[in-house]
């Protein structure tokens, strides 16, 4: 009998544990702390934090045969988890403000500039094209879109990208206001917008998800699964005849998918993959992406204000970035802070849902164009 | 750099789009319309319709690696989805009327003639044996049974078969009444049936699903998974000690399985598989299967009326076809239309649950016999 | 045409049916009877019983391509089902009594002696080491732990081990009291315990699952997935910010996993695997494991009583075996039977949750040490 | 053998076996119901014993009161049910069935009382 | 081609196509809303006919009564909603949106009445 | 090595390590509870400040009123709980535990008040 072997088997937990693992466990605890104390997107940051801890205790998503590896293969490699989350999100989004004011959809395009701006910055810093694009897609400011695109282009970066996407998304009330104040005058922020929407029939609400699915799938086929699942959830909700299914989408499906997505994304954050300069770059560039989105959105808002001779409050440009519904609520609040009777929430939500659509379209186009360019880059 | 390649990558959504795809998208929209406006089995026809649209936008169930392909392999190739639906259906069926009047079970045999009659018709029209049998099983008038059998015998026909099964099932209130009026006299329809059932103990309700599972698995082993899951759901419900499990069966499990089954079945309906004469044949023959079922059921009802010297209302023969509980309710309504005080609902439901059992038995036997005959047919 | 072949195909259900199958169906009916009439752990014994019936009607977990084989591969081979059950169990356990009286945790170690004692007994009876260890783990008196360890060491014994674990667990109110009365004096059972717990802050309740996960994963890495999922569930509950996720854990996830786990475990109980002397040995040794656990727990309770000069009621030693919360409730009841005003429930629950932790630790250590020893045994 | 011949043979064997199977089910159901008949009696007796618990009222009046209470409860129950959200025709069909099954149980109670 | 050149080309094409896509969505939305305009009319008429059903009260009083009832119901509803467990900021954000959407529908009703 | 020898070695190592593990858990729990002690204080103070908000009543009467309200609420809650469907012994065991845990929290409140 060889007692050394036996002892080493028993103590394998300690022998494979590194300082890097300990550091990552601290990172996991910090993420859980942000979720619990600050309530920053807790439904995602808490499972990500816990998954990060597990990844550094021998239960990573890459450990063949481990339960988190099973979940990773079942839901991340197949892309099912982000898509199932989108089914639930679709069932919770109300597109009627956007349908009532369709011109708002333009704001959803401007707010995607951060994706491309960050791509260029990342290229300047020397990242490879697939990596630079994956970092850029943090600028979609939409968890499932970021995860979907990154898992296709640079799966080894999934962890930090998801952490950046969800952390900054919950930091929007801290990131955006200074930029808003800097870029708009008090007079601009006080612009009131009349809200006399066209009536939107139930039939329009039902046609909308079908038409959008067809149109976006043709323009940006790489975004097709994302838009299809988002619109499926919306159709289940607005049609009003399949309450059982929309209930399943809004509850069992999205809750289970969110828990498993968070855990498995967290479980990719092993010390050897996470602790390196690239991660720091991702976190810094991700923040820049958010800022560029906001700046571009506000500039476009100011343009629309100029074109309409002051009928558009530029603040609603800042919520064309998606991050539904936090961004919309924030823009409305900023306007109300200047003038308590200025109620622009409906316009902000129109712009915000436009941003949600724009993010998916921009993410899908990015994926397609990068895939088309990759063979040409040396 | 080759800009042509890049452009073709970006425009791939348009370049692969055909007139056939456009036509199938219209078909999908029509199915959604039937679900939303007419409320024809919306929980299935709406996901089928949406899946059909996706299939023709590059997201078919056959596209290797696509999310609907993942779901297809997970739930249709393994047959899990129809079986999980049956667990939920079993938890919703009440077999006590049938147990109180066991002779009703005979009506559940006659109402399966449509399966075999349609098989012969399809053979006459030149379909192969496996295809003819898959078309015939539309006559089971039971979604999961049809999908289970067809996915084993002729998976390329799953789409039109599922569409036929669920569409005609929701058209029962339109298909059956003219046949009923044509084949029965007013006097027959006015026959009243005494309802003085034997008391059925709780213990009998608990033994029933177990005994049926054993018996049917021995007689028709090919139907075993179908009957086993149906009876499992029923046992969870009637035993009264596992409310958590019967609740899961009736809600989370059946809702999620229904949504995914509908989507993936719809996602098999690509233009190249659906637009051909065979599909038209399936739709016409499926309707004939429903009519043959009804005719055979009514004839058997008349026979029972004759044998019992007028104590059986022949109308209850028409609901031996399964399609629980619509068919049972319709027969009762037809009787009440002639005489408002004629309440035959309990007998109709007994016959109807018998039809549910008979459909599974007949479907399983068909599968077994066809598999035994296939090597003998040239 | 060869009619013999056709007939044999059709009658295949009967031709492959053996007396052994018939006997196993009776076993399945008995298990369902225990679940329904005696309410012995019905949520598990009822699906196990039904799965056992199906296994002997051609639908075993080993039949390649069958639906129970699909579920077996998806949830037992990957260990997902027991782990998902633990996520739900964790969300239902309250560790605050244990945190208020941390010394109670010692009782959770003593109550694991049955695991190792039974291992020795099984070795004496000639079982192989992996089999003996799998039988021993019945002494963990914790379904998921037993199934997790047995599925890694001796998957062919899963059926009888799960049946023993869950049956005896529900028989605790019958197995333990005689041993308690035999081993303790009336005076000992009447010992009152002061309950003046330290206040436990919400922050402590949140740190607890994280710290335990890290510590146990390092000491007993083989138990890491079990403790991680148990603690994940607990964290979801106590953190208070992810009600959606803890609701999913406590309901949809645990209910579905329990139903599927029971069915598939039952579906391993085919006649050829179950009807043999080894099964009888498992059932007898499993009972011994329960008795040894209780005896060791009580002896340790008496030791603590002696050391603290009569301040500890030895009865709470008997609930250090896990089987949360039945064992804790039973100990409290035994004390109250002697003296109606003796309320030791809080201490009993502290000891009981300690037993839950101890079981997982002991199970994981057993797995690791046996894996380390297997190459050395001839 | 041609497909048509095969299909005719399948029809003959298939419909034959369906009837055989269904007859077997009939026999089994008869067996189950007869072997378990009366097993619910104890509960029935308990219910009856509950019926005579209210003191100071003769049995007839109590029965009347019981019927009144039952009626009130059923009306209340129906109102609650009607307030539930219905999901198209599908659900209302299932409701019909549940209602019918309740009727059925009531009917078998009356039969036992006779 | 260098990564930087590629990224600049991607930015040009990408932002261009995003705007093209968004303009297309605008056109489609205009189309959908215009083509389906007025399809909810029948329901609106039904609601109005319900309004005048109570006999023995002139229309103005009825409208007042209707507003009062609606107000009472809305207060009740809000109380029920407040009693629901809230899940951190996330849920309350969604609630805000639902509330806003209700406001929106009310607003479009007023527009139609004008 | 024979299976029996191996099993005896495993028992010795296993039980030893179980006790080591459990002692470690004890130490960790002590650490957690001590390091976080008092972190809930602010909430406790808030509760107390709420206690004295009702104007025009001396503190003792208010405490009596508070106890009365708490008692009424607890009775009501218990009635609601009893009306819930129970799932065999299993659920009632869990209910017992939850009830006990509520007791425990109340007890620790009393301790703090002392």
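Think of it as A, B, C, D, E and F in the order they're written, each chain with its own count starting at 1.
The rule we apply is simple: a contact is a pair of C-beta atoms (placed from the backbone, for glycine too) under 8 Å apart; a residue touches a chain by one contact, two chains touch by 3 or more.
Remember, it's a predicted structure, so these values are computed and weren't measured experimentally.
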Item checked: Most distant chain from subunit E, judged by the mean position of its C-alpha atoms -> C
Next item on the list: Taking CA centroids for every chain, report which one is farthest away from subunit F.
Entry: B
Notebook entry, point to check: For the homomeric pair subunit A and subunit B, should the interface be classed as same or different, according to whether the shared residue numbers exceed half of all numbers used?
Noted result: different
Margin query: I'd like to verify one number: the distance from the centre of subunit A to the centre of subunit B, where each centre is the average of its C-alpha atoms, in whole angstrom.
Written below: 41
Margin query: Report the inter-centroid distance (CA atoms only) between subunit B and subunit F in whole Å.
Written below: 52
Margin query: Taking the mean of the C-alpha atoms as each chain's centre, how many Å separate subunit E from subunit F?
Written below: 45
Margin query: Residues of subunit C that contact two or more other chains, please.
Written below: 1, 6, 10, 39, 42-43, 219-220, 241-242, 244, 252, 365, 369, 373, 376
Next item on the list: Quick one: which residues in subunit D touch 2 or more of the other chains?
Entry: 1, 13, 17, 87-88
Next item on the list: Can you check the complex and tell me which residues of subunit A touch subunit E?
Entry: 39, 41-43, 92, 94, 96-100, 102-103, 105-106, 108-109, 112-113, 115-117, 119-120, 122-124, 127-129, 132-133, 195-204, 207-208, 211-212, 215-216, 219-220, 325-326, 328-329, 345-346, 349, 354, 357-358, 361-362, 365-366, 369-370, 373, 376-378
Next item on the list: Sort out for me which residues of subunit E touch subunit A in the complex.
Entry: 1-4, 6-11, 13-15, 17-26, 28-30, 32-33, 36-40, 87-90, 93-94, 96-98, 100-101, 103-105, 107-109, 111-112
Next item on the list: Mind listing the subunit B positions that touch subunit A in their complex?
Entry: 1-2, 5-6, 9-10, 12-14, 17, 25, 29, 32, 35-36, 39, 42-43, 46-47, 50, 53-54, 57-59, 66-67, 70-71, 251-252, 255-256, 258-259, 263
Check: Taking the complex as given, what residues does subunit A use to touch subunit B?
Finding: 78-80, 83, 206, 210, 213-214, 217-221, 224-225, 228-229, 232, 235-236, 239-242, 244-245, 247-249, 252-253, 365, 368-369, 371-373, 376
